[in-house]
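Structures follow.
In the two complexes below, chain A is the common chain; its partner is chain B in one and chain C in the other.
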Partner chain A sequence: MDQVVSLIRDTKEADLDTLKKTLESVLEKIRGNTHGVTNALGQLDPSKHSMGMVYLLYAKSQSRDVDPSFLNNVEFFLANLHGKHTQKAASRFVQVCHIYTEICRDNALYSRGIKALTTGLQRFRPSNDFLTPLHADVLCLCLKAKNYKAGFNLIENKIFDIDPNATGLTPKDMLLYFYYGGMIYIGLKHYQKALGFFETALTVPAFALNAIMVEVYKKYMLVSLLVHGKHTGLPKHAMNIVQKHMKTLCSQYYEFATVFGSGNIDNVDKVKKSFEDNEETFKSDNNLGLARQCMQALAKRNIQKLTATYMTLSLADIAKNAGLNNAAATEKVLLRMIENGEINAVIDQKGGMVSFGEEVQAFDSPQTSVILETRIDQSISLANRLKNIDEDITSSNNYIARQLGVREEAYSDFERGPSSNRGGGIRRMFEYFR
Partner chain B sequence: MSSFDLEQYISNYTGLTKVKRLIFAAENSKELRSEAARLAVKQLKTGINTQLYKEVLEKFANDLNEKYDEAWVSSVDQEAAKTLEKLEIELNSFRTNLIKESIRMGHNELGDFYFARGELQNAFKSYLRTRDYCTSSKHIIHMCLSVIKIGIETGNFNTINQYVQKAEQTPDIAEGQDKVAVSKIAVASALYNLESKKYKTVAKKLLECDVSLGDEFNDVISLQDIAIYAGLTALATFDRRELYNLLDNSSFKNFLELVPLVRELIQDFYESRYTSALTGLDRLLPELVFDIHLRDHVQPLYQKIRSRSLIQYVSPFTSVDMNRMAKVFNTSVVDLEKEVATLIQEKQIKARIDSHNKILYARMTDQRNNTFQRVIDLGDSYIHDTENNILRMNIMKHKDFAVKPLRRTANKNQMMM
Partner chain C sequence: MSSQSGKTVDSKITEIIESGDLSTLIPECENIELEYCSDRDNKVSSYFYASFLFGYLINNDLDNCRFLWKRIPKEIKKAEVAAVWKIGQALWQRDYTETYNAVKNFQWSQALKPLVDAFLTNLRNRNLNLIAKAYNSVSVSDLSVMLGMGEEEVIQHVMSDYVDFHYDQQTKYFTPNKNILKTNETTKSTGLDTISSLAKKTLFLELN
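Right after this comes the complex of A and B.
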């Protein structure tokens, strides 16, 4: 054991790869020695010996009943780890984190876990553009704790890149991240953003379907009903296999969405029936709440449609058109909508009449310019990002070679001298420049 | 219904379509059932299509006091067998002599014979065989028309389209010299487009027809039909300027003279006399339900014409009294309100209803607001799409990064292959 510790201590940065091999080979031996490992962990400094500590932590996590001190060890490590070194042992590190997350989850140590993992994640990722497997872990704990705010900060940070080698990221981690992330957005009622997350999850490259994707698709359909009032279908670049099979796998959702989206005001009853028919499915999928919100949204959406069609309408007619039970219930819904600024209307209780005003949004407040400015800033930074990517690509070797129609062999032919028969490509290139 | 004169209507047609239209009428109307069946049998007896004769007699046995004429059938059948033999022998001798024109004629005659007997598939084959022996553009047109005719009778609309296009490429049609042939092809194309519900194309195609077509195409369509089809589809799809051009079109005037009702209809519509236009439509209806081709399209066409009248009616006003409007359109205020509401929701009418006072107010769209909304929406979708695409591009860099089947199932798939 001491040997291992001193080996970890003495290894220089350049020799980390050899250290990794050695550690992999002795993993079996140190696993048995729980006590030694705990001792060793105390002697090492995470900012210098990250690689070694990852293996020791892993060994500790594999023992039969995990020592309570494991949590403290992991937290200490997460708070101080050295990003680059840890990335070299990414897959082991991620396994440690998953186990840590499981323990936190099962023992309801949510906020403790969220805090530790978030710090660790920030130190571990190459830059804040990257997705790591820890993201999903954090979000899982946030959902369990119903602490959506904590997760919100994490998912608001846009993911642009992945690096499976440095972060040990698997497609499953990615799906889970976008699934959990979408659920947090739903919890915070940011449906538009949730829809975007689910969409991303469904466009992850896939040669097979997995259960996460199916669950994502179910929620995707319901949320798109909330946002767009109909099922908009997947983006074109979603994988074929997803497009093909989801219809059959989520047929009940599909049926509900079709009825819901058919757009006629008089089909409220059909939607209700479809909702009742599929209620069991929604319930068993834990989507009942979401489906209920769809039903509420339907009434609201219908009322909004009415405001565009009518100037005055009796409460009874609104109730009929929006699929609400009676005038009293309608009045309640209307009141709430007026309070939230969703519609502009005045209720005349004496005559039972409602007069709808024109839409409220006039785009003349300072808020409008704030909205526009943030969009413009975002667009500019995105444009810069695109420019950088474009420059990277146009200056990459592969791209230039392709552009000129020259294969690598042509280069080697060229080095061998013009007598070679196979140098046609490169010669053509020279003629081209002449 | 009593205003409908079957005998007069059917006298516009000849050949197979006459029988088919009679059968169609018999199937779709109780009052005309026996009369239509009687006329169909009468017509069939002048031809040699014994198969159809049998079918009609069986189908309408209860409505006819006529007995199955065994003697006639067997004599016609014998005669037909002889003719067939004769035609085939002739064709063979033409073939051995390799005279192109005669071979073409031979196939054609055989095709005509099959057609008369009601063996449409065989007729189709025979007509197709003339293809290789066509030497002039007249021949090609003849061949195309024969095939199209079968296409119409069998309801094979893809064939129609295919051979319409072929015929349109021949110089006679392309340069428009042969007006009768041009009209025939135009009608065929219109029927195809009618089937695919492209009503505007139907109207435009039918306007290409020339009245010199006369009764030459009566085994498919009558001149009156052309006027009615063109009138209805034009009313449903043309804007005011186009309608004006249609009324002004000197060659089409001749068609409209044939069916004054349609001419009045278009005139009324153009001059915004909706009440009389709509009653005119109602008067036309009994005749249309017996039309083999138009029947399925009457409902949507009428609906469209009505919507267009509503739209046109409200377009010049800033506010409209719905009570008066309901009178013009011959309906109740409640129903009218529903109709208008649907049109508003389909964004066809820009207005809002004051349901309390039953007044319709035109709605001014605020361009500035709309532009703001659109800019923000566009910006949002641009940002969202770009972010996603950058991520996707980066994912694609890692070739191996994808959801894969479990190894176990992968093996199974391989075994299955």
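Right after this comes the complex of A and C.
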């Protein structure tokens, strides 16, 4: 044990790769020595010996019953770790964090975990743009703790990059991130954003179906009913296998969505019936709340449809057409819609009439210009990002080699002769650049 | 980890409430919740949670308010904290009669009074704005429900200068003035900031 500690202490930054190999090989041995590991952890400094500590923590996490000091060890490490060094041992580090999360989850130590992992995540990731496996862990705890706000703050920070080598990210982590993230958006009623998250999860390249994706798909269907009023189908760039099998796996959702989408105004009863038929499924999938939201949205949607046909309509007529019980209930719904800006209408209580107006927005308020300005800024930063990526790609070795390779083949086809000599290749390269 | 004691948390909240600038209340509370309550030995008072809930209510952020209520420890869910949530529940149902009753029927402690007042003012203003937007004519009784005032009081309140509704004595209906209460005009930064941001944008357009 002492040898390991002194090895960790004495290793210079340049030799970390060798240290990693050594540690991997002794892992089995130090695993049994829980007491020694705990002692050793106390002697090391996370800002200098991140790599070694990751392995010690891992060894500790693997013992049968994890001792309570493990949580403190991990928290101390998360708060002080050295990002670059830890990235070199990313996969072990991530395993430690997953175990830590599980312990927090099972013992209801949510806010403790959220705090520690958030700090660790910030120190660990190469830059703000990166998705790490810790993201999903934090979101899971946020959902458990019902602390949606904390999760919301995390997912509002846009992800632009992933790097499995530096962060140990696996496809599962990524799917979970978008699944949990979408759930947080749903909880806070940002349905449009939730839809975006789910869509990303469903369009990752995949060669096999994944249970997470199936769950995502169920929620995706319901949310798209909320946002678009019908199921719009997957985007074209989703993998074939996803497109093909989801229909059979989520047949009840399909049925509900189809009835809902075909929703002519006289269809309300059918939708209600379909909802009741599938209520058990929704319930067992924990989607009942979401499905109920859809039912509420149905009335709203029908009212919105009325605006396309009528200029004025009595409250009683609206109630009848939208499948609402009475005029008073309709007025409440209308009021809520007006408040949320979902409809443009004016109620005349004296006559019990509602007049639907056109969108009257002059776009001359200060708010408009503020929105415009932030949008411009967003576009500019996005454009810059794209430009950088584009430059990276055009100057990357792989890309150039590929490009030239293809060219070369075409060229040799054209000449119908073997072109194995090197000089020819270089000559052609020059030609290509000319 | 954190060296604050329960007392200083309370006094921090009091400080914010007394300063009158409630915009910092929510971020501060969220921060305290994560930083301070992450240690199980640290206990915070019901006063903290009551203010926290009120903070969300004042912003009309019912979703977050509801989730906060769900995660408040059981032993604190009583007295004042429960009373605040009762308001939240009523608002969730859009039951204004119940909302105002919930406010009225509880003896709020002196420290929370400013929050109660801020909540009432915000709610009334919000509802007035909504009425102005949504109605061509609205009955006195409905107005009095939404504003939580007696009918006489309502007439006085909305006929005042800054609201200026038209009232028809005979039919007892109001015609809202559509141009009321253009609140929170966002102020734009002016001067050098604007110029530099404009310059940046022009540069971007030129380069690309």
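Keep in mind that, in the parts below, the second predicted complex is superposed on the first by the 376 of 434 C-alpha atoms of A that agree within 3 Å, B and C clash if a C-alpha of one lies under 4 Å from a C-alpha of the other, contacts with A are read in each partner's own complex, and residues count from 1 in each chain.
Just so it is clear, a contact is a pair of C-beta atoms (placed from the backbone, for glycine too) under 8 Å apart; a residue touches a chain by one contact, two chains touch by 3 or more.
All values reported here derive from a predicted model rather than from experimental measurement.
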Which superposed partner A:L372 touches (first chain B, second chain C, both, neither): first
Superposed model, chain A: greater residue contact from chain B or chain C: B
Contacts of A:I338 with chain B and chain C, given as first, second, both or neither: second
Which of chain B and chain C A:I380 touches, first, second, both or neither: second
Chain B versus chain C as contact partner of A:Q95, first or second or both or neither: neither
First, second, both or neither for A:Y148, with chain B first and chain C second: second
Which of chain B and chain C A:T232 touches, first, second, both or neither: neither
Residues on chain A lying within both footprints (that of chain B and that of chain C): 351, 355, 376
Residues of chain C defined as touching chain A within the complex: 30, 33-35, 37-40, 63-64, 67-68, 70-71, 94, 130, 133-139, 142, 171, 173, 185-188, 197, 200-201, 204, 208
Chain A-facing residues of chain B, complex: 341, 344-345, 352-357, 361, 368-369, 372-373, 375-376, 379-380, 382-384, 386-388, 390-396, 398, 400-406, 409
List of chain A residues in touch with chain B within their complex: 158-164, 169, 171-172, 175, 196, 199-200, 203-210, 213, 237, 265, 305, 308-314, 317, 351, 353, 355-356, 359, 361-363, 368, 371-372, 375-376, 378-379, 382, 385-386, 389
Chain A - residues contacting chain C, complex: 109-112, 114-116, 145-150, 187-189, 332, 334-336, 338-339, 345-351, 355, 366-367, 369-370, 373, 376, 380, 383, 387
